[in-house]
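Consider the two complexes below, in which subunit A is the common component and subunit B and subunit C are the respective partners.
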Partner chain A sequence: MAHIPTAGRRARWRGAVYTVPLLVFLLALFVAPLVRLLQLSLRPVDGNNAALPGYTGHQYVRVLTEPFFYEALVRTIVTAALVTVLCVVLAYPAAYALARRRPGLVRTLLFVVVLSPLLTSVVVRSYGWVVLLGANGPVNRTLVGIGVLDQPAHLLTSYSAVVVSVTHVLLPFAIVPLTTALGGLDRDVLRASRILGAGPVRTFARVTVPLSLPGALSGALVVFALAMGIYITPLLVGGANQPLAGIRVYDQISTVFDFPVAAALSFVLLLITVLCTTGLGAAFRTWERRLHG
Partner chain B sequence: MADTRRPETRPAGPRPTPVPRRRFPADRAASLAGRLLAALVFLFLVAPLVVLVVSSFNPAASVAFPPHGFSTRWYEQVLGSRDWLVSFQLSGLLVLLVVPTVAVIGTLAAYGLARGSFPGRGALHALALSPLMAPEIITALGLLYYFQGIGLIDSVPALWLAHSLIALPYAVRAVMVSAAGLDPALERAAASLGASDVRVLLTVTLPLLRPGILAGALLAAVTSLGEVAVTALVAGAHTTTVPLRVFSSAQFELDPSVAAVSSLLMLASVVVMVVADRFAKISEVL
Partner chain C sequence: MAAAVERDLPLTGAPPAGPPAADAPPAGAEAAGAAAGHVEIEGLAAGYDGHRVLDLDRLSVRRGEFLSILGPSGCGKTTLLNAIAGFVAPDTGRILVDGADITGLPPHRRELGMVFQNYALFPHLSVAGNVAYGLRVHRVPKRERAERVAEALRLVGLEEFAGRRPRALSGGQQQRVAIARALATRPAVLLLDEPLSNLDAKLRREMRVELRKIQRSVGTTMVFVTHDQEEALSLSDRIAVLNGGRLEQLGTPDEVYRRPASRFVAQFIGAANVLEGTVRDDGSLDVGGAAVATGLPDPVPGREAVVAVRPERIRLSPAAGAAGPAAGVTGTVSYRAFTGDAWQVEVRTAGGLVLTVRVADSGAGGADPPGTGTAVTASWDPADLIVLEPGAGR
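Let's turn to the complex of A and B:
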């Protein structure tokens, strides 16, 4: 009798042994760099923006009081929220169509289409938008052709181009979990709603959406977190002057060489991201509990 | 599809539900509207990629859509360029280094996380997925400063480690899906029939985890092939990967050769995906 719990405990700890390489890897390459970066963000700088020994909260004061930084942070939060809403809204029809398709060639092809942004480089996707939205691009030609514009507009380097391309880049992260959630939906429940007199729109709003909420939520959280820190896509499509936190950090490193303030800005960004995703997750869970009683 | 719409044409036999599936005319309109919306979203997803591929065959020296003819001169120029070839070799080398690293660490960790119930398991799981959720700029800046401190900037090991870090969460998640569906009774049965631990691992556990491992390896490969956010800060003049070269070219000029390289990069990813999909139902695990 005595050796059975021992064996169980040993089996449990054997599971832990398998995770040791991962733990070592992450401690060395993820946790340690972040700790060093946190240390750097607390360093004072000299006239050439080189870090000096000692500790100060000056970099954080700069991030929170200089409009150059805090306005970018506000803009980043607004953009990330907007992109998240767009992604979830756009994900519904696509995920619904995917979930209802029976396995076959068409479904595989649609899946490739959905995953194609995930499977191609961010650069490739962003560059596609650069071509699409360029002065000679199809969007401008169409707008001029049908008489909406007199001459090609500067779609690139405009904020809306950034929102569109970031939404495009992150959309698969919303579609994939939503497809799983919608695929697990009991069709008889939907039919029951229809037979009991609810129209298709009402059935969708009152039955489909609430039941697929966990999938939509997990997609939304990933999209929001990724949108907060994204910088390559907005940089390529919108240029280095876009007031977004990620671009500001990149700018501080690559042109001003002020590492401490870049580190402070990215930690504020990380903190906001963690607070928002935790808060959003908690709010959704409360809503869900109320919905399902 | 036809059989869901016209159930009366189905062959006779026991039918679980005698009620026809679609009795409401409004459903047809709603379904049509839904399909139209879905088609628009799919179009939105592929539009930039299609435009890119098409414009890479444009004979003119500027990127234009629709193109004014058909030419493969940009592909010839890219494949004949030393700079691009060096980048292609580097990206290929990195895939060969990153995929085994991520597959081994990710598979072991996912198996341990799915199977064990040790204290700290939840925290470790969260930590394993955190590189995916942290803003990419902070991971990039952290690695840049860290690698600067140990003199690894602009080296192949730096990119190898950085790409592995970015790809690990995807692999852990994919293998965990497979590991969660693994019945421990099968391993116990093999062990009780006299198989050694190693033999159980090689003949029972690993084959059952194969779809997840393959999906994880695939995601690691395409992540490494496309990574820019961290690479842009950690790499240097001697370690310019293909997407990084695309990034720096696209930042300044619109040259169709960049479109050609992007198309080649995309082709590589699609080939990897199609090959992997033949061995495992990748789409089920993503």
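Let's turn to the complex of A and C:
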């Protein structure tokens, strides 16, 4: 630092000035509320669950010892992991098709289709699933009609419905980076694999996947982080009894009115998410270094 | 798939049907009376979106030969290579290797090798991993695999780099890894798609020598695509000159250079001066008012004829007064440039004809060729004239 010439240092400061608006924005609307939330999570409560002055670790003890909370946390991690795996697996063929397609109307339309879950409101999308999976919905009627089921199944309010609907919303976050990664693949590298005797499947497994892993990982990172915190979609499709951390937080705030324990649960969820994504990110960087180092 | 493994061609040492002498084209195939070559291409046509880019009647590659496919960009040479490799499906025609029709086979069943212009190494694998890739796919046992990787890397002189990543190598080294990788599976034919064009000039010349050396020691049939005539001339046993998707000429480098079959070949290789004119009564050619001695075999006066003369075959002398046909063409130097070992001089005649002349540099002590504006006579030995269209009544 001391060796940076004055001109260089001034240039660096001038560069930093441009980030001030964003910094102010983040401080006021992200960091400050987070600090308030942390403060709240450390408050004791009275008999009516109202926050009292003073500090206690009681809310965290509750979150980590009461099955109602920690089982939801475990379930959330499992669900997020499952959704992440599903998204990446489903994203590969879609991204492959998109990346191979030459730019044009068809490609644009395909992209619109892929991004459509993000372009519709949560409520509309979720009620779409409710209609689709309802007792009289097309899925049940088809299953009964072709004789797979004797009577309509409870597809709605099931855990599978939650996984399916959450995967649906988050799929674009996996497809987009993967499309970029696959599009950037050198066609000749794939051809080299083919001419060396590897068929399409082996080429995909040994060349396409390893080389597109950074794209898949960055998609997985986003999907996982979002799946950890998602609550409206599972709430509307799966119901308020789904044991997911996001729904539990919502529940504590809207029906139990225990704000401190909701805050504590939020913080534990945030911490787990940060730890998991950091781990994934480290793996991502290691692989990138192997490819480009 | 197992065929390639069992094909017991040693990687080094000439194969049974390899070229007998280094410079001579392999005579073995012809002597043995085998009419079919190692690779036979018959009536091959290919195109994209209804636009035909390749239309070859017949092209036969002999076993163990180094065949260059030479042509300008867009001539279909890369399409031809991709059709042989199986990356482009031809509209019609057949491709045979050792008599077996491979036209319908996918690339991974063709048992060919390919070296790409941009090397196309696997960035996530080490140098040894790259070379071992094809062997792994062919399920070569571990011990043999290690031996063959080492052998292939020794062939290209990169034994010490086995553990490196491709990115840590220079362009020339990467290209050598690509060659080792392609040869490790002992392919029947090695296809090379402008492999030297991404290297700088000095390295390109070195790699040219290296590539020829490798080809001689391994004896693998090589089909080499290039747009660089110098590369094709110096490397090949034979050259196939392609233009507009068609084969213009197939011959040894000196045949193609000394006896070009068409105007295109004459101009593309060695940039010959093409002279068009009418045959005069004395048998010489009237090119824009200048009389050119041609030595046409059977001149018919009044006919149109086309001849060509190489820039380095033209001599320049101070303008002579009486210009007979043998004395050459008089004109003025319109351009002169020093290119290192030679000068490029352009002579413009009164009739508007422009001749490109290459004058070897005579060194610091010698005299430079006449400068711009000087009146000169350009002459040549009629024997050096290439007759492209004799204009004779045949």
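In this section, the second predicted complex is superposed on the first by the 271 of 293 C-alpha atoms of A that agree within 3 Å, B and C clash if a C-alpha of one lies under 4 Å from a C-alpha of the other, contacts with A are read in each partner's own complex, and residues count from 1 in each chain.
What we mean here is this: a contact is a pair of C-beta atoms (placed from the backbone, for glycine too) under 8 Å apart; a residue touches a chain by one contact, two chains touch by 3 or more.
This is a predicted model, so every value here is computed, not measured.
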First (subunit B), second (subunit C), both or neither touched by A:Tyr70: neither
Partner chain in contact with A:Arg194 - subunit B first, subunit C second, else both or neither: both
Contacts of A:Arg202 with subunit B and subunit C, given as first, second, both or neither: second
Subunit B or subunit C, by number of subunit A residues touched: B
Touched partner set for A:Phe284, first subunit B, second subunit C, both or neither: neither
Touched partner set for A:Pro33, first subunit B, second subunit C, both or neither: first
Touching partner for A:Pro21 - first (subunit B), second (subunit C), both, neither: first
Subunit B versus subunit C as contact partner of A:Asp186, first or second or both or neither: second
Partner chain(s) touched by A:Leu211 [first = subunit B, second = subunit C, both, neither]: second
Contact residues common to both interfaces of subunit A (with subunit B and with subunit C): 191, 194-195, 199
Residues of subunit A that touch subunit B when the two form their complex: 12-19, 21-23, 25-26, 29-34, 36-37, 40, 90-91, 93-94, 96-97, 108, 110-132, 134, 136-138, 165, 168, 171-172, 176, 191, 194-195, 199-201, 204, 222, 225-226, 228-232, 235-236, 245-246, 249-250, 253, 259, 262-263, 266-267, 269-270, 273, 277
Residues on subunit C engaged by subunit A in the complex (per definition of touch): 1, 4, 85-87, 106-114, 116-118, 120-124, 133-134, 137-138, 165, 167, 178, 181-182, 185, 191
Subunit B residues touching subunit A - in the complex, by the definition given at the top: 19, 21, 24, 26-27, 29-31, 34-35, 37-38, 40-42, 44-49, 51-52, 55, 62-66, 104-106, 108-109, 111-113, 115-118, 120-121, 124, 127-128, 130-139, 141-146, 149, 161-162, 164-165, 168, 172, 222, 225-229, 232-233, 243-244, 246-247, 250-251, 254, 258-259, 262, 265-266, 269-270, 272-273, 277, 283, 286
Residue ranges of subunit A touching subunit C (in the complex, touch as defined): 186, 188-189, 191-199, 202-203, 206-207, 210-211, 290-293
